[in-house]
Every structure is written in structure tokens, then in C-alpha cells.
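Look at the two complexes coming up: subunit A is in both, with subunit B in one and subunit C in the other.
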Partner chain A sequence: MLQFAKFVLTRAVMALITLVIVSLVVFSLMELVPGDCAERYLAFKNTQGSSIQIANELAAERVRLGLDRPFLTRWVSWIGGAFQGDFGDSCILRVNIAQLLGSKFYISLGLCLASLALAYAIAIPVGIIAAASSNAFLNNGLRLFSYLGLAMPNFLLALMIMLIGTVYFGETLTGLFSNEYRDAPWSWDKFVDLLKHAWLPIFILGWSATAFALQTVRALMSDEIGKLYVTAAAARGVSGGKLLWRYPARHALGPIVNSLGFDLNRIFNELPIVALILTLTEAGALLIEALARSNDQQLAGAIIFLLTASIVTLNFFTDVLLAVLDPRVRKSIIR
Partner chain B sequence: MSDLITVQNLTLQFRTDEGLITAVEDVSFRVRKGEVMGLVGESGSGKSVTAKALMHLNAKNAVYTPESKIILHTDEGDLDVLSLRKAADMKVVRGGAISMIFQEPMASFAPAISIGKQMVEQLMLHSDMTKKQARSHSIEMLDRVGISDPHKRVDQFAFELSGGMRQRAMIAMALSTNPKLLIADEPTTALDVTIQAQVIDLMHDLVKEFDMGIIFITHDLGVVAQTCDYVSVMYLGRLIEKGPVREVIRDPRHPYTQGLIDALPKLDELDKPLTPIPGDIPSPLERPKGCVFNTRCSKIVGDVCMNDLPRDVQVDPVHRVACHIYNEEGQA
Partner chain C sequence: MTDQTANTPHSLDADQKAKEAYFTASQGQLIWARFKKQRAAMIAACVLVFLMLSGIFAPFLSTYDPTIAGKNKDYTNGAPQFPKFCDDAGCSLRPFVYGVERERSMATNFRWVTKVNTEDRKYIHFFVEGWEYKLFGFIPMDTHLFGAPEGFVHIFGTDQSGKDIYSRTLHAIWTSMKVGSIGVFIAFVLALIIGGISGYYGGWVDSILQMITDAVRTVPAIPLFMAVAAFMPPELSAEARFFYISLILGFIGWPTLARRVRTHLLTERNQEYVLAAQLCGASSGHVIRRHLLPSFTSYIIVDLVISFPYMVLSETALSFIGLGLKDPVNSLGVMLQNVTNADVLLNYQWYFIPVIFFIALVMAFVFVGDGLRDAADPYSDNNK
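Showing the complex of A and B:
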């Protein structure tokens, strides 16, 4: 038990170190974008009609914003804030980023995690049973579903569902909140309202993720079922559900757990397109806005950092889960 | 000595995309209490498939002919193994009356379940022991096969033990339910020679102690000579020669058995070149007509080898061979 706590602690420290390295990369990328905040502010002031003396003002502005400090100092102060959820101001929108993001990032993340949960809740049992079964109907049906899920683009599925919803049910099915809740403070009713709208993006994002996860689970499971230890267990008289779930299924779970972090990233990448079509202004779309339209490096940096932090955190949990599931992992690190 | 298991006219085919493939053809033998029978042959000779058939362990596409009979003689009467249909009913045989140990001890333990848990699970399936009793019995069995620190080992995993230790643990697990018959499928092939000898000695002692029968599958005639009382030689799914081990090894009658013995390296004649049997074992898809060995045999007696299956003839009181060289009376 003590050893296990030590393992968890080691992993947590490693996750933190990863985050610090990631923050350095993100911060360096932000710096690579041509122009800095001082120039942006002055450019903005210019459009407001105030006359300025470029060179002097620029230097003064840089001092004001702390941009004259060395790179490392600025990085340290940036991550200092980042770990507390403060990402400074966006110098294009001239508002505090934490305020701008509000709960948007967490809603997006929630949508992705819910899709991921949906995908695996379906894929794990169905994939395991499909691999164990020799039923041609079941297997071909699943294959068809998988190909459909993998081949059909998310936006097409979203458009189809919206079309059907509008034509047959008179529902628009867009957005994440009803009008009366959009700007209201968080409350139980607002949360229920969110759930009423969120099923659609969760379903659409989960659709292809399920197809993908199903293929993974089935392949891993087929691999395990053929192994000698399964035959050996059968030779000892283990049979039925016990032979399936305790032996190959349990051993196939490890690699499945491993693929969770990767899948979260994939779903997050798909979110902006779906968000665009379903006009979910609350989610993903902000990233596209930040990156593509306005070149807002502070906002983009904050979003990328938050996303990486989520993936690192998820990987930390999957690592711990993997150690619980597989003694080989547990004992290889604890010595 | 009383019979433990009788195999009669066992013919086993696998249904595949290329059609029915014959893996075992018309094999008959029996194993008695306290007896070690060696099942010898090259890869593809059908020896493992035969052994698995005794526990109904072959893949779902296996087809047994109606004449095939595998009769297990238990205290409660005879049991026709092949008549069992449901996996739950096969428990009587699998791990109950018969235990099996495999070539790869590492791969035959589930990697993420401790050795103790797997042993306890088996014991609870086959007896009315409580978990606690099963655990202490498992520790006792581990101790019995010479594993040091059994209290600690019982909670360890297969990857934490050495090769020889794993096979000992496998033997402990196989014998814990007190089976009547132990099938050992090349149990020492994956081990170092020195460990091999230890494991063979251990098995020998335990068989005597537990008074059971063993089927020892191997391609190593040296191991057979040391371990077995009787030997059956298989080639391409057919049993071609069987008899007491010393007799078969000193005076092999079938050209294939003779070839196997000649192919062994001899420590006292190191300068002599090895004499392998020419050619390869044919694919089961291209089973030769007539005698199955006719594609590689150096003692063909005529067309009869190409066209007719050789009869199983008695060459000595308990020594039988299936070869056209011998007439009905067993004379060459």
C-alpha cells in the first residue's frame, strides 16, 4: 500500500514536470508569433486616433507590460499564473483571458470526456463479446457500424441529424443553452438545460470515437483469446463468463486504458468542427477564432496549455489505473 | 494395474476453408495407473492434438468421427469424454480427473493474476474447500514441489519466478486437485538441461506419490528413455509403433522410429556424421495415399506401401508396429 502511494506520488511529480516542459514549449511558440503585445496596443491606440511617438511609446509600453524582462523570467511568471488559472490579458481583445474563457473550456472538456466515456462504455463490452463470439451476424453488423462510424465525417452526421430534427420535429437542436439561461449564472436548472442540449454533440463526437474504440477493443481481445493461458485456464475447468471476463478480457483492458489519452486528444480536435455546425459558441470554436482569425497568441496559448494539462492529467489517471490492473506495470516501477 | 483412460479409433479432423484436414487418424492406446506413457513425434505429428482431445480442448472447428471413443475410467464408472457437450460439464475431466501442463510455463499462467489466485480458483472449482483452505493447500503444494518461501511465492506473479520455478508451480497447480492423469505437453522443452533433469525427477516422484498416470508428450527420445514406461510413436496423425520404452528404443521396428533414433547425436561417436531422416513431414493437406510415411521411407517394399494402409501387427508380446515390412505374424 505504501509502495503504491509512492508510485502514485512519483507519477504525479512526473506529470507536473511534463506540464512545466509543455508550458515552456507553448510559451516559446507564443513568442514566435511576430509582433508583441506592446505593438498590438499601440496599433490599437492608433486606430483610436491618439497621436503617438512610436519608438518612445513602444519602449515605455514594453516596460509597462514587463516585456523588457528576459525570456526565462517572463516564462516563469507566465506559468506561475497559469498554474493558478490566470493567463493574463489577451492583447487583441484586451480582456482578461480567464474571464473570457469562463466556463467555456470546461464545458468543452466536459463534452469531450462525456463522448469518450460514451464511446468506451459501448466499445468495451460490445468489442469483448464480438471478439469472443463466432456469430457471423453480430460480427458483420458490428463491422458495418464500425466502417460507417470511421468513414462518415462528423460534420455530415451533425448536418443530417439537424436536418431530420428541423424537418420532422421542428426542433433546431443547436446551441448548448436555451436563450433564458445563456447568460444566467450557474444553477441547477441551467445545468439541466445544458444536459438537454449536450446529448447531441456528445452523441456525434462519440459516434466515430466508438467505432474507433470498438475496433481497438476487438483486435486486442482477439489477440488475448488465442493465448495459451486462456487454454490453460480452460484445461483447469474454468468455463463460461468466468473464462471470458477474468482471463482474456481483464488482460486486454491494459492496452485499452492506454489509448484513452490519445482518444481524448482526437475528440478534442474534432470538437471545433462539430461546434461550428451546431453553433456551440460555448465550446471549441473559440480556439479556431483565437488561432486562425485574430492571431491571438495569449488566448491560443492558454487554450493549448489547458488542453495539454487535461491530457496529462488523464494520462496520470490512466497510468494509475493501469498499475492497479497490471502487476507487471506496478512492480516494474516499485522496487 | 487398472486402466485409467482408453482411447479407441480416435480420428479428428479440423474444418477449415481448405476443407477437412485430418490431424489424428485411427489412434488407439490406453494409459494405466502409475504408468508413464511417452507420446513421441515431430511437430505436426498430431501428438498435442491427441492430448488435447482427451480433455475436449481442441478448437471449435474440430470434428470427431462417430467411431472415436475416449473412455475415462473413474471410481464412479466409465465416462465417455467426447459425449460431453457443455463446457461446464467438462469440469469433471478438465482439471478434475485430468490435468495438463504446457510447454511454456510463462505463457500458461495468466500474467496479471497471482499464482495463488489461479490455484485457489481451480481448487474451489473442483472441491468444496473454503478460500482459506484452498490457499493453505496451495501453499502446501508449492512447498511440495520444492519452491522455497511458498508463503511469499503464492502471492507472486508468473513473471517474478524463474523458468524452472514456474514449471514447478505449474506442476503444483496441476497436481493440487489430485487428478488421475497428468498430461505433460513438452514440459521441459523450454527449460535449461540442468533444470530439465530436476523437473523430470520431480514429476517421477510425484507420480509415484499420487499414484496416477502420465502422458508425456515430447520429441526428445532421450527424455522418453529416462522418463517413460511405454512409448507411442506418432507420424502425421497415425500411431505407427508402440511398446515398452526399452524395447522400442533398443529394437525399433518401424523405419521412422529407426530414423528418429539414428538422428540422435551420440556422445561416444562424435566424428560420425548425423543421419537425419530425409525430407520433411508432409503438409496435412497432402496426406500421402497408402502408408503415411511412404514419402520419406528408405525401406519401401513395393506398391503396397503406396496404396494400402499398413495393418497394426504384433512383433513382440506388447510391441506393435504398423508397417508393410512385417507380415501377419510380425516377421520381417
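Showing the complex of A and C:
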């Protein structure tokens, strides 16, 4: 038990260190950008018609935002806020970012986790069956599907589905909410409405993750299935699904659990673009909005940091889960 | 393969030769021999070579200038024209397309409506003279593979400003290849330096570098990529943008490669053959050059081929949302920029034709990469 607690603690510390490094990367990126928040805000104000004495105002604005402090101080204060869920104000809109993101981030996270779950719900059984069977047709079909999942990125798939949807069904299939629920407060009906719209983005986001997961599961299972302990178990008279599930599948499970974090990473990669195509109103779309239209570095940094933080958190949980499942992992604290 | 025994006397000699060839073959020859055996990978390699050639000879193969200079203002949003040999009026040896007339009036609700005039044959000629270009960037030429001197021919249709989609597709393939190659190259150099240092020194240098690499790897690449790309100064010229984008691609692609380089180095460094070479008195330069590098060049090449499609796809995604390449440069992402609007989806589906070529390109790369990986792995024979 003590060993387990030690393991969890080490992992938590490592996750924190990763987050700190990530925050440094993201923060330096925000700094490297030409022009700072003060300039951007004033430029924005200028377009809104108020005349400003640029040089004076700029200096005053910088002081007000604390941009005159040295880099390290600002980083420490940014990261301090970030861990409490406070990312400061958006550069241009001057609204607290936590407020601006609000439930949008959780919707995005929910969508991504749902597609991850979908991917593995399909990949694990199908992958195991494919590895166990010697059916060439099934295997080649799966191989082709995996390659297609790679070659046809999710956003192309989304485009194709939109194309087919419009041409053959006359529906655009976009958005996350029906009109009447868009600005309504959360309620059961709104949630049901969300589910009605969410299946398509979940499917599209899960598409290439499924292809990858299938390949991983199949490869791991094929490796394990040829091993002697499986033959020994078969010789003892265990057979069929019971044999597969109780022997090779349990061994293949470890690396699969480990790969969850990277799959989430891959899904996050696709999220903003799919969100743009399907006009979803969530964090991915907000990221594009922040980057492509308003150059809002504060908001962009916050979103990227949050996405990474969820991956790190997931990695932490999978590590702990793995330790629960597999005593060998528990014993080696740092692999 | 090594323990082939000759059964008949007359095949003994041939067998001996084959064995000799096998044992004296260079690594490259062995990989090629194994690669040739994989049907899917060979087909993919052919497709890849075909696409590459069509990219290299894009200006020669395309019928029109892919930039705005080559627009056909009489045929905007025009449907693809399929060259024919026969119609009701009889056959001809020379392929032809029909001439079109467009009109816009009250009767057509003020939309341009195209009418195909089946009486009016426009014959397709080969090796016609057209816009001037520079083949390989330096040979000035104005000959094109085909064209319709009396009228026009757009086999994939045209976009909203009348640019020929076929010509743009060919140029876009070339752009993707260039972006991918530069990106892969930069990623590779970075990976070699960082992974090399990490794997060579080991110890705490390795631990710290690995920690940083892992942290960078956790950040979702495309959002990060978007962030960097978004803050490009908008006044950059198209060419400068192009290099900037390839640079970013390289800077974001390195962690995975660096990890591979490091792992290879760490495992190979402690192999017996390295120790043997050292005991024979080989200098470390000799060990690195003659033993370590050859031991993993094939793996590195495979990794590069495999990471290529990711580069291409990232570029496409970025250009698609308008943060990547911009108009005079053609790339799939640029070409797909406007397709989400309902007008295109409902009326001009030929905007999607380039997608097929890109899926083919990426698939070809993936298959070739996979084939190469199997071929480069000397132990893969044992599994089959």
C-alpha cells in the first residue's frame, strides 16, 4: 500500500513538472509573438473609433497589465493563476478567460473523451477478433481501414460527410445545439439536444483514433497470441473467447492503456478544424477564433494549456490505473 | 532463406550463386530485395513515383497557369469537361470537348448558366504552346502536354475565379512535396542533434532532454502549430510564408524523431559489435561512421518516410483554416478553403476532385513507409 502511495505521488510530481515545462513553452510562445497585449488592445480600440495618444497610452496600458515586469515574474504569476483556473483577461475582449471559456471547454473535453471511448469500444473487440482469426479478407479490410484512417484526416472526412449530407439528404448536419437551446441555461432538455447533435462530431473525431487503436490492439494481440503461455492455456483446455480474454488480452492491455494519452492528443489535434467545419461552438472553434481572427494570445495560450493539462491528467490516471492492474508497474517507480 | 539446400545437381550452381549474392549484398540491396516482394508496397511505390513525376512536370502537364493569371473568365465555376472520341455526329481520332456558351439573364435568375453546344467541337491538340514557364525552375519553355487551341479544356473544371482545377491540383502536389520535404529535413536535423546529444551522453543530460521532449510531445501539435502560424506577420510574401510554414512544421515534428534517434543510439551503443570494434582499436569516429550510422540509417529513413504524410496533412489542415499558405501558392488546403459554403456543396462538387489525389498521395507514402519498415527490419523474415 505504501509502495502504491509512493508510486502515485511520484507520478503526480512528474505530471506537475511536465505541466510546468509545458506552461513555460506556451508562455514563451505567447511572448515571442510580435506585439503584446497592450498594443493589441489599443489597436482594437483604435478601430472602434476612439482616438488615443499611442505612446503614452501604450506605456500606461503596459503598466496596468503588468507587462513591464520581467519575463520570469510574469510567467510565475501566469502559471500561479493557471493552476487555480484563472488565466487572466482576454487580450481584446477584456473578459475573464475562465468566464469566456466557461462550459465550452467542458463540452470539447466531453466530445473528445466520448470519441476516445467510442474508438476503444470498437477497436478492442474488433482488434482482438482480427488478431485471433486468420481470415485474410477481414485482416486486409482492417488494414485498409487503418490506412484510410490515417490518409483521410478527420477534417476531410467531415467535409465528405457534409458533401454527402447536403447533396443526398439536404441537411447540413452542423452545430451543437438547436436554435432554441443555444443560449438557454443548462437543463436536461438542453443536454438531450446536445446528444442529438453530438453524435456526428464524436464519430468524426473518433474516426482516425479508431483506425490507430485498431492497429495497436491488433499488433499487440498478434504478438501475445503466439506466446507459449497461450498455447499452454489452450492445452489445459481453455478455449474460445475465454482463452483470448483471460490470457493474451490481459497482457496486451498495458500498452493499450498507456497509449490513451497519445490518442487524446491526436483527437485534440483534429478538434479545432472539425469544429470549424461543423460550426461547433466550443473551445476548438474559440481557439481558431482567437488565433485566426483576433490574434488573442492570452486566450490561445489558455486553451492550449488547458488541452495539454487534460492530456497530462489523463496520462496520470492511466499510469495509476496501470499500477492498479499490473503489480510490475507499481514496483518500478521510474521506468 | 539462408539454409536453402539444393536438391538437384543442376540447380546447385545457381543456388550457390544466389547464396553468394545474398551474403555479399549490401544493406541497400537486401532492403530492395525484401521490398520488391511486397505487392502492396510496390504498387504504392509506383503510385508515389507517378505522383512525384506529375508534380515535377506540373507546369508541362497542366493546361493553364495555376495562378490568377491563368484564369478563364468565360468559364468560372465551370464543370469538368471530359474529352470524348465519339458522339452522335460520329467519331474522330482526335479527342474533343464541346464548346460552351454562358448566359445570365432574368430567365436564369441572374445566375450564370452554362449551355453545352454539342455542335461545336473543340479538338484537343498535343504539345501545344501556352503560357511560359520554367521547367525545373530554369529551363524556359512554353510547350504543354495538351490543350485546346480553338477553345478551352478544363478536365477537372474551374473554381470561382476561373482557375483550372486540374492545373492547380498538379501544382499543389508539388507544393505538398516541397513543404513535406523541407519540414521533414528540419525535423530530422533537430532530431539528430537533440536525440544524438541525449543518446550519446546519457545520464542526467539524457533525463533532462527526455523530460523536455516528452513535455513538448504532450502539447497537441496542431493547436500549437496554429498558434505559431497565426502570429506570422500578415505582410509576408507568399514565398516567405511557404518557408516559414515548412520551418514551423519541422520545429514541431522533431520530438518523435528525436526519441527514436536516442533510443537507437542508446541500444546500439552498448552492442557487442561496438565493443568489439573498440577493442580492435577503432577510433570513436570510425565506430560512429562505420558501425553506428549504418546500423540505424535505414530505420531513420523509414521514420522520415512515415513522418512525411503527417507534415503534408498538417500543412493542409493549416492552410485550410487560412493560417497556412496563401493564394498564389497552390496547395490542397488553399484549394479547399471555400468548399464549406453551401453553394459549393450543392452546385460545384468538382472542387473536391483534388482530395482524391491527396488521399492517394498520403496512402502511397504510408504504404511505402510500412513496406520499407518491414524490408529494413532484418528480423521480419522470422515472423512470416
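Please note the rule applied: the second predicted complex is superposed on the first by the 274 of 335 C-alpha atoms of A that agree within 3 Å, B and C clash if a C-alpha of one lies under 4 Å from a C-alpha of the other, contacts with A are read in each partner's own complex, and residues count from 1 in each chain.
In the analysis below, contacts are C-beta pairs under 8 Å (C-beta built on N, C-alpha and C of every residue); 3 or more make two chains touch, one makes a residue touch a chain.
Remember, it's a predicted structure, so these values are computed and weren't measured experimentally.
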Contacts of A:N265 with subunit B and subunit C, given as first, second, both or neither: second
Partner chain(s) touched by A:A12 [first = subunit B, second = subunit C, both, neither]: neither
When both partners are placed on the shared chain, which of subunit B and subunit C touches more of subunit A: C
Contacts of A:V25 with subunit B and subunit C, given as first, second, both or neither: second
Touching partner for A:A98 - first (subunit B), second (subunit C), both, neither: neither
Touching partner for A:G240 - first (subunit B), second (subunit C), both, neither: first
Which of subunit B and subunit C A:T231 touches, first, second, both or neither: first
Partner chain(s) touched by A:L321 [first = subunit B, second = subunit C, both, neither]: neither
Contacts of A:R250 with subunit B and subunit C, given as first, second, both or neither: first
On subunit A, positions contacted by subunit B and by subunit C: none
Subunit A contact footprint on subunit C (complex, rising order): 211-212, 214-224, 226-231, 233, 309, 313, 316-317, 320-323, 336, 339-340, 342, 345-346, 349, 352, 355, 358-359, 362-363, 366-367
Of all residues in subunit B, those that touch subunit A in their complex: 55, 57, 60, 87-88, 90-91, 94-96, 99-100, 102, 104, 107-114, 118, 121-122, 125-126, 157, 159-160, 173
Subunit A residues touching subunit B - in the complex, by the definition given at the top: 134, 227-229, 231-240, 243, 246-247, 250-251, 254, 325-328, 331
Sites on subunit A touched by subunit C in the complex: 17-18, 21-22, 25-26, 29, 32-34, 147-148, 150-153, 155-156, 159-160, 162-163, 166-167, 172, 261, 265, 268-273, 276-277, 287-288, 291-292, 295, 297, 300-301, 303-304, 307-308, 311-312, 315
